[in-house]
Every structure is written in structure tokens, then in C-alpha cells.
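After this come two complexes, each holding subunit A, first together with subunit B and then together with subunit C.
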Partner chain A sequence: MRRARRFNINGILVNAAALVLVLSYALPYVYLLMTSIKPAADVQQIPPSFLPAVVSLENFREVLQSSALPKAFASSLAVAVLTTVLSLAVAVPAAYVATQYRRRITTLFLLFALVTRMVPSVSLGVPLFQLLKSLGLLDTIPGLVLAHTSAAVPLALLLMSAFFEGVPKELEEAARMDGCTRFQAFRKIILPVMIGGIAVTALFTFITSWNEFLYALLLTSEATKTAPIVIAEYNSVYGLAWGAMTAAAVLYSLPVIVVTLALQKQIVGGLTFGAVKG
Partner chain B sequence: MSGEDRFVLCMLAPALAILGLLVAYPVGLLVFDSFFKVDTITPQIREWVGLKNYIDALTSKRVAESALRTIQYSVFALFFEFTFGFCAALLFSALPGRSRWHRTVFTLPLMVPPIVAGLLWRFLLVGNIGILNYGLVQLGIIRGPDAIAWLSDEDIVIYSVSFADIWLTTSFVALVSYAGLTNIPKDLLEAARIDGANAFKRFWHVTLPLMRPVIAVIVIVRAVDAAKTFDLIWIQTQGGPNHASEVFSMNIYQRMVRFGDLGEASASGTLFLIVMMLLAAAAYWKIWRPAHA
Partner chain C sequence: MSAIELRNINKVYGNSFHALRDLSFDIRDGEFMVFVGPSGCGKSTALRMIAGLESITSGELRIGGRLVNDVDPKDRDIAMVFQSYALYPHKTVRENIAFPLQMAGLPKTEIANRVDEAARTLELTTLLDHRPALLSGGQRQRVAMGRAIVRKPAAFLMDEPLSNLDAKLRVQMRAEIASLQRKLNVTTIYVTHDQVEAMTMGDRVVVMKGGVLQQVDTPQNLYNRPDNVFVAAFIGSPSMNLYEAVLNGRTLTLGSNSFEIPDRVFEYRPSLNGASNRQVIIGIRPEHMNDAAIRPSSAEISAPVTLVEALGSESMVHLNIDASWVDAGDPDAVADIGDEKAAVARFSPKSTARAGDIARVAVDAEELHFFEPDTRTSIW
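Now for the complex of A and B:
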């Protein structure tokens, strides 16, 4: 009886601590949301207040009426979608053979992908600048897609390899018995089974490109500026426009957060899929 | 070549081509350029200078200072990320029920773009309107809202800019640690308890050794990422005031873009690359596979 009671008090304490921790952790982002819906004049009031005295969509109206931000969102979206498609198209087949057909070249290949993750983007950005310049691709969507792909392919390879790890070799063998070629077995039998893992990898690849800043800063200027670059520029060009900046930051970050939270079950399911099947 | 080999090569070829064109070739170009005097403004000038770029980089005071700052930033950020994240994971695994809801909130910063995190923390810390200092005044920790100039005091700015990093990546540490903790067999901990080990001893002698590979992965991944940081600091201070928050990657960027000195930027970029590889390799051998060390 005493034991049960003690456990209970401990439980309450742990719960309370976890609650405080989680709430304080979310607080900064909530403050960003609160600031974005203040009237522009109230954003920089001294002393600052956490909650808005009046709710206003003035900041959102301002950033959406300027042409820069909507255009930047279009660029960001195009680059992220194309990067995702290109990265998955090359990484999914490679990860499949790297895990299911082990031999020296595939092991070396995965090691190379892992090492690539360690390359500082600034080190790669300097020569990529030259490469794209010589191809005439500076400040174009395809140019930035190529740069983002250099970072997205290793990530997609490592994630997809983890998912393919869990696929039994018998699956392909059975398909081959039924008269499929190796490629048909991959396309018709393996890929449909892997759809969850592919979706998770696509989401992570998309977010990597959507969030990327340094390559966009180095490799684009007026024509194809992405959203993070325009948001960073509220700094210098428009003075310190905190109201507009917070509204733009919310528009830029909230959709990804909402989609991720909405798909969280599938993401966790997808991530555990490999483990369970293994 | 057997049909199987041909299949493997066909499936591998596109990825090999992409990584060759977009990673291996640029890295080769980086190393090649590091031996030349190259100018982005007048690209016709291309003059072999041997190791001069390296000597210039290694003897430059500004480069050395930015390298030191990168270490200060990374160690500071990593220490707090790890401490907070690991404690959060221990707390979550100690929750009587499932900690699903807590972990969902904790996933949030993983999805926040670094640029937004940097912006947000700048807004929290900035002089006059930074709400953090007003909060500290309310709690009686500092005297007035201008007592600490987080982002404009040259002595502390390199630590202040890491708050955003800590906030952003504690969740990564927490979620990976949590996954590791749930994989520890319950009967091992139970056996230690029956043998009379108290909670601290169980943690020290059972949990921690079993978590070693997980901790190694976290430390390697986060140390490399922290050392590479650019965007988070750039959006908060652009390396200022007076270069006091200019880290190594930013130094390379500045020399490339502002001074157009491609050769020297390439030499620094090459050095950076080598150090990161060595760091990762050393960490891998020392921590991950202690039996081989």
C-alpha cells in the first residue's frame, strides 16, 4: 500500500517536470506566433508583452502584398519538389542494391555517402559556385536544385538503406520464381511495399531543401531567391521590420510543422517499419 | 560480368553519376583551386602559387580566431544540447504512462527552419525589445533589461548565438536518446535492482555503458553539424559585432564573396574538410568501437 502511494507521488512529480519542460520548450515558437499577429506598431513596444493586446493580420497582409515573398515561396517550392524527385529517383534504386546485393562496390558506395554527409557545405559551395557558373546555371532553379541534390542524395541513401535493410531477400526471389526480371521484381514487388519508407524519405528530403540557406545565398540573386533569403533580407533592406519578419517566418515554417505533426503517426510507422520487418 | 553484376551497376550508376558530378568533382576542384591565385571578380587571372594560400590561411590571425570560435561554439552548444536532451529522454522514459504527447511537442523544433530559429532567438535576445531580459528582471536575476547585451557584447556573443542551436537540436538528442533507452532490456535493470544497485548505480553501470553507441552517434553527428553552422549565426549577427561571432564557415564565405579570393577560400575549405573527416574518424574509432582503440 505504501509502495503504491510513493510511486504515485513520484509519478506526479515526473509528470509535472515533463510538463514544465515541454511547455518551456514550446514557448519561443509560441512567442513568434503571438508576435506575428500583433499590430505592426505593437511589435517593438517597450517593454515587450508576450500576448497581443489586439489581434491583427496587418503583418501578414504586408508581406503577402509585397511581390518578393510570394515569388520566393514559389522558388522554394519548385526547388524543394524537384530536389526531392531527383534525389529519390537516383537514391532509391542505389539504396536497394546496396543493401540487397552486398559486394565490395556497394559497401564502398555507402561509405562514400556517409563521408559525404561530413563535408561542410561551405567547402562544397565554393567549387559549386564555379561549376554552376561555367554551366550558366547560376541564379537558376535547376542550378539550385543540383546544389541541394548534392546534400539530399546522401541523406536519402542513408534513410532508404535503413528501410531496405528490413526487406527479406525472399521477397525478390519469390518474384523471380514467378518469372519477373530483377528490375520487374524491384518495380512491381519491392517498391509498392516500400511506399511508407519512400514517403518518409521524401518528406525529409523536401524539408532539407526547403530549409537550406547557404547554397541559396551563394548561388542565387534576384531571379530565384528562395524564401529564407528574402526573410533574412527584411533585416537590411527594410530596416529592422520585426513585424513583417515574424509574419514571413510563420508563413515559411508553419506549413511544414503542421504537415509533419499531421503525418507523425505515418512517419513513426514508416520509421519503425524497417525495424519490425527485420 | 554476370547479369546480376550488370543489374547492380545499372541501379547504382545514376547515384554514382550524381555524387561524382556534385560532390567528388567539386571537392577535386576545391583542392585544385587551393593552389592557385584565383579571383572571382577577374576570373582570367589564374596563377599557380603552390602552398601560399595554405600558409596565408594558417598564419592569418582572423582565420585562427574564427577557428577558435568554431570550437568554443561547438563545445558550448554540444554540452548543453546533450545535457538537456539526455535528461529530457530520461524523464520521458520515467513517465508512468506513454510520453507520446510530450515527445510530439519535442519534435517541433526539428521541423523549424534554422533561419527561423535564428531569427526568433535574435528577437528574444536583441537589445531594447528582447523579452528574455525582461523575464530575467521579473525573476530578479538581473537589475535592468539592458544589463546583459547578449548579441552586442563581443565577449559573450559567440555563446549567445548558440542558444538558438541548443533550442533547435536538443530535441534531436532527446528523441534519439529516448529510442536508445527504450531498447535497453528491462530485465537487466531489474536484475541490477535485485542485486542491490540504487538508481544512480543502475544508471552508471547498466544504462550508460549500453547507451555508448547511441551517445557516440549523437556526439559525432551533432559535433560535425555544430562545427559547420552558418545560417543560424548569420541571421543573428552576420558574424558581428567586430567579427566576434565569425565562425570558420563564415570566414570562408566572407573571403569568397566579399573579397572574391577564391584561392584562399578554397585552401581554407580544404583544411576545413580534412579536419572534419579526421574528427569524424577519430570519434568513430575512439567512442563507437572502444574495443578497437
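Now for the complex of A and C:
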């Protein structure tokens, strides 16, 4: 009895701590959400209020009616999807070979991928600008996709390597004994087994590209401006248009939230892959 | 025809580690051959080379008369059961078993019939729609077997397939695999480090150590006529007791004990005749040492008892024989026994020997094994 009670107190404490943590993470987003549904006039009131006095969707109406945002959303989506596909196409096979056929050079290869993650994006901005300019890809979707892919591939490579570490080598060997070539074994057996890990990597790669600001700022102008740039540039005659900006930001966050929720099962499966052997 | 021939097979890794040295032997069509040896002896490497999963540095490997050194695993017509089973976790039992047939491009009805037949043979029919994660260790083992037999390959390769099962299930599956192999009559190579599995399952056994072939023979011959000290000690449980001794005429001196060797021994080991102060290594199996109080013999030694393990049907009596103990060179055995260099005798459960006693031990001298101290090979 006493033991059960102590357990309950522990449970309450753990839950309370988790709630505090979740609230601290969620607070800025909740504030964004609250601001977006305030009437434009209330957004800049002093002192600011957390909850809206009146719920209004006028900010959303304004941003959806503007011509810039839908076009920017389309650019963002195209860039993020293409970056994800290209990054996975490069990183998944590369990570598999690097982990399953371990040699000194493959270890160096993974280490190099890690090092590239340590270089600040801003240091790479100017060289990328020059490179894309000489290729005639400035302010184009392929140009930005290449720039984002250069940043996303090392991340995807490291994530996929961690997932592939948990795949027993015998799985590929069994497939080869069962009549597969190495590539067939990879395609028919390894890839389906790794679907959870690939989903997690795809999501992180998508989010990396979807949220990216600096390269989009440097490498695009009018034709292919992505949504983060458009949102940051919301101005009114009085300065920054906070109401429209927050409404656009909420709209922009929705796809990531929806995709994350849709892939929840695969993500949890992927993140715990290898922890429990079947 | 699915005989397998190995001729001077060598495996040298990139770091110059010589894993296999001049391995040469034949596996007959339909034979159940067991590769056995301590950890790191090269038995799994040899199996993987036959499978095509490991390249051959030099030598020739033939399956059914065809040179297959550079043939892909998929084109060797062999099936393999892995130690970890390597079942495809995203496929059901049915899909796992059907996979090699799909890869071979068989028609769907043929695949369905053969999967059903394999499932019936292995009593997997009720589990066909389950995923491997839902199966017990024994069931997974059966699925792995199913995936191998369904193809009707030229040979089966099995890499320690029972090592992940508990002791009871292992005994059951051991018998099942052996009887399945006899029924299918397919050439089988079975790798194990367990000499009981090797002795009970194999038509013949390949004993390896340090990448070198020690002996290829029937289980009975390995036990009765080991070629060298290593095989003598490796085959049989508990291990053969090995000591340095001196043979003078018909008298063997073992530490402070001496006894006469029967004439019959000199008949089948003629090179021992006329020995004069000849240094030898002698081997005595535990079952050839008994309590002299219960079963007297003309060849008796006395030795202090250090430990008695009463097992009910017999007692394992550890004896401290005052002669030089000989290390057989089994790395696993040294790790197991540590500094324990006692001889082990298999006494009748009626024996009253207790730790601390000086036991009179009857040695079945006709069953003694003799080895050269320098080459460690059998003296015949």
C-alpha cells in the first residue's frame, strides 16, 4: 500500500516535470499562435497580452490574399521535396556501404561528413553564391536544391549510418545466398527493413530545407524566394507587420507538424531501431 | 552430383592474418560433414568461402565438379542457415520461405506448393502468416531451415544454427536436423564449436585448429584413433587426460607410479616395441580410469583426490597426478579450466572416494593413447 503510494507520488513528479518541459518548449509556438489570431490592431498593444481579447482570422485572410506567400510556399515545397529526394538518393546507399563494408577510407568518409557539419553555413554562403553564379543557377530552384542538398547530405549520411549500424550483415548475406545480387539484396531486403530510419532521415532532411533561411536569402531573389524569406519581409506602413507575419509563420509550420504526426509510428520505430532485436 | 572438393585453400586477410592454411579435403555427395574446432580455428571462414561470402586467396574449390572460386553465392546452388537465422523481419514466414523461389523466378503455384510442403515438413503450417518477431527461437530456427530446404539446393551450409537455443531445445533440434538431412540426402556442411554436436550429427568430422586441418574422419575414429594430441583432447567430454611419461620395455612410468602395458597395445602400436627410456605423451580418457576398490586392474596408480562431482549416474573425480601435465593447445579449454590441471576420472557412483583421499585408480591400459612429445602426433 505504502509502496503503491510512493510510486504514485513519483509518477506525479515525473509527469509534472515533463509538463514543465513541454510547456517551455511549446510556449514560443503558443505565443505565435495566439498572436496570429489577434486583430491586427491588438498585436502591438502595450503591455502585450498573451491571450487575444477577440479571436480574429483577419491576419490569415491577409496573407492568403497576398500574391507573394502562396508562390513562396510552392518554392519552399519544391525545394524541400527535391532536396529530400536527392539527399536520400545520395546518403542512403553511401551510408550503407560506409557501415557495412567498413574500411579505413569509409571511416574517413563518415568523419569528413561530420566535419562538414561543423563549418558554419555563413562561411559557405559566399563560395556557394560564386559557384551557383558561375553555373547560372542563382535564383533557381535547382540551384537552391543543390545548396540545401550540400547541407543536408552530411546530416542524412550520419543519421542513416547510425540506423545501418543496427542492421546485421547476415541479412544481406542471406539475401545473396537466396539468389540476390548485392544491389537486389539492398533493394529488396535492406531498404524495406530500414523504412523507419529512412522516414526519420527524410523528415529531418525535409525540415532542414523547409526551415533554411541563410542560403535562401543569399541565393534567391524574386523568382524563387522561399517562404521564410517572404515571412521575414512582411512590412506595413508602420514597420514590420507582426500580425501577418505570425499568421504566415503558423501556416508555414503546419506541413511539418502534419508530416511529423503522420509519420509518428515510423519515427518512433526508427529512433528505437536496433535497441530491441527481433 | 554435389560433392564438394577443397584443394590447398588459403585465406589471408588484408592485415596479413593467415586464417586458413592449405585446407584440402573432399565432402562426398549426400554426406553430413561437420566442421568443428575452438574459437578462431577458421571453421566459419571455411564455410563462408564455400558459400561465396568470403573470397579465396589461393587454392581451388569445386562444387559438383565445377570450379566455383569466383562464382557469386547466388549461382552456387547452395543454401545457408545462419547462426542468427537472418530471417527477413518485414516478411511473414510464408514470404521468408518463398523468397529464394521468387528470386529463382518459379511460377506462383509452384512456389505455393513448395512453401506448403516445406512448412509441413518443419511443422510451420500454422505459423505461415506470422512475422519472425512473433516466433520463439526454435520456430525461427525452423523458418531458417525452411528457407534453405525449399530450394532443394545442391548443398546446405549451416553456421552454428543451434547456438542461440536453450540446452533442451538444442538436443531436440540436433536430432531433427540430422534426421531431416538423412531424409533429404543433401550434402550438408555444419559448423559448430560443440564437439557433442559434431560427434552425434556428422557422418564425418573436420577438426580444425588455428586455420590448419587436424583430422578428417568419422566420429568413432576421431575418438578411438586421434591423429594428434589436439584432436585427442578436443574430442570427448570431459577431455582426455594428457601427461608426460616414460616407457621402458613394457613398463610405463607416470610420475611416481609405474604399471605394465598389456601386449595387445604393442600389437597395434608396433613402433612402441623395444622402447628404452622413451619419452612419450600418454592420453587416458576419463572413462578409462575407475575406482580400483570397485573394479581392480593390473594397472593401478594412486593420486590424491581434489574434487568429486557426483552426477548421479557417475562421479567425476579430479585427481592430482604427480606427472607433467600436457597442454593440448585448445584455447577454449585453457580459458575454461584456468589453472586447473587435474586429471578427471569417471568413477562409478558407488565409489566412496572423497576430496582429500588418496585414491587407488584402475587404468584401462589397453585404451591408453601414445603421442610423440615433439611432433605431438600419435604413435602407431
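The rule is short, and it goes like this: the second predicted complex is superposed on the first by the 238 of 278 C-alpha atoms of A that agree within 3 Å, B and C clash if a C-alpha of one lies under 4 Å from a C-alpha of the other, contacts with A are read in each partner's own complex, and residues count from 1 in each chain.
The definition used in the following text is that a residue touches a chain if its C-beta (ideal position, glycine included) is under 8 Å from a C-beta of that chain, and two chains touch if they have at least 3 such contacts.
Quick caveat: nothing in here was measured; it's all calculated off a predicted structure.
Judged by the touch definition given at the top, the superposed model places A:168 against subunit C, while subunit B stays out of reach. In the superposed model, A:126 makes contact with subunit B only, not with subunit C.
Contacts of A:146 after superposition: subunit B is touched, whereas subunit C is not reached.
When the two complexes are overlaid on their common chain A, residue A:189 makes contact with subunit C while staying clear of subunit B.
By the touch criterion defined above, A:179 lies against subunit C but remains apart from subunit B after alignment on the C-alpha atoms of chain A. Note for the complex: subunit C touches subunit A at residues 51-53, 72-74, 78-80, 82-84, 86-90, 99-100, 103-104, 132-133, 147, 151.
Partner subunit A is touched in their complex by these residues of subunit B: 3-4, 7-8, 10-12, 14-19, 22-23, 25-27, 29-30, 33, 40, 88, 91-92, 94-96, 99, 102, 104-109, 111-116, 119-121, 123-124, 128-131, 134, 145, 167, 170-171, 224, 227-228, 230-231, 234-235, 249, 252-253, 256-257, 262, 265-266, 269-270, 272-273, 276-277, 280. Residues 7, 11, 14-15, 17-19, 21-22, 25-26, 28-29, 31-32, 35, 44-48, 50, 86, 89-91, 93-94, 96-98, 101, 103, 105-106, 109, 112-113, 115-131, 146-147, 149-150, 153-154, 157, 182-183, 186, 207, 210-211, 213-214, 217-218, 228, 231-232, 235, 242, 245-246, 249, 252-253, 256-257, 260-261, 264 of subunit A are the ones touching subunit B in the complex. Interface residues of subunit A facing subunit C in the complex, by the touch rule stated above, are 168, 170-171, 173-181, 184, 189, 192-193, 195, 278.
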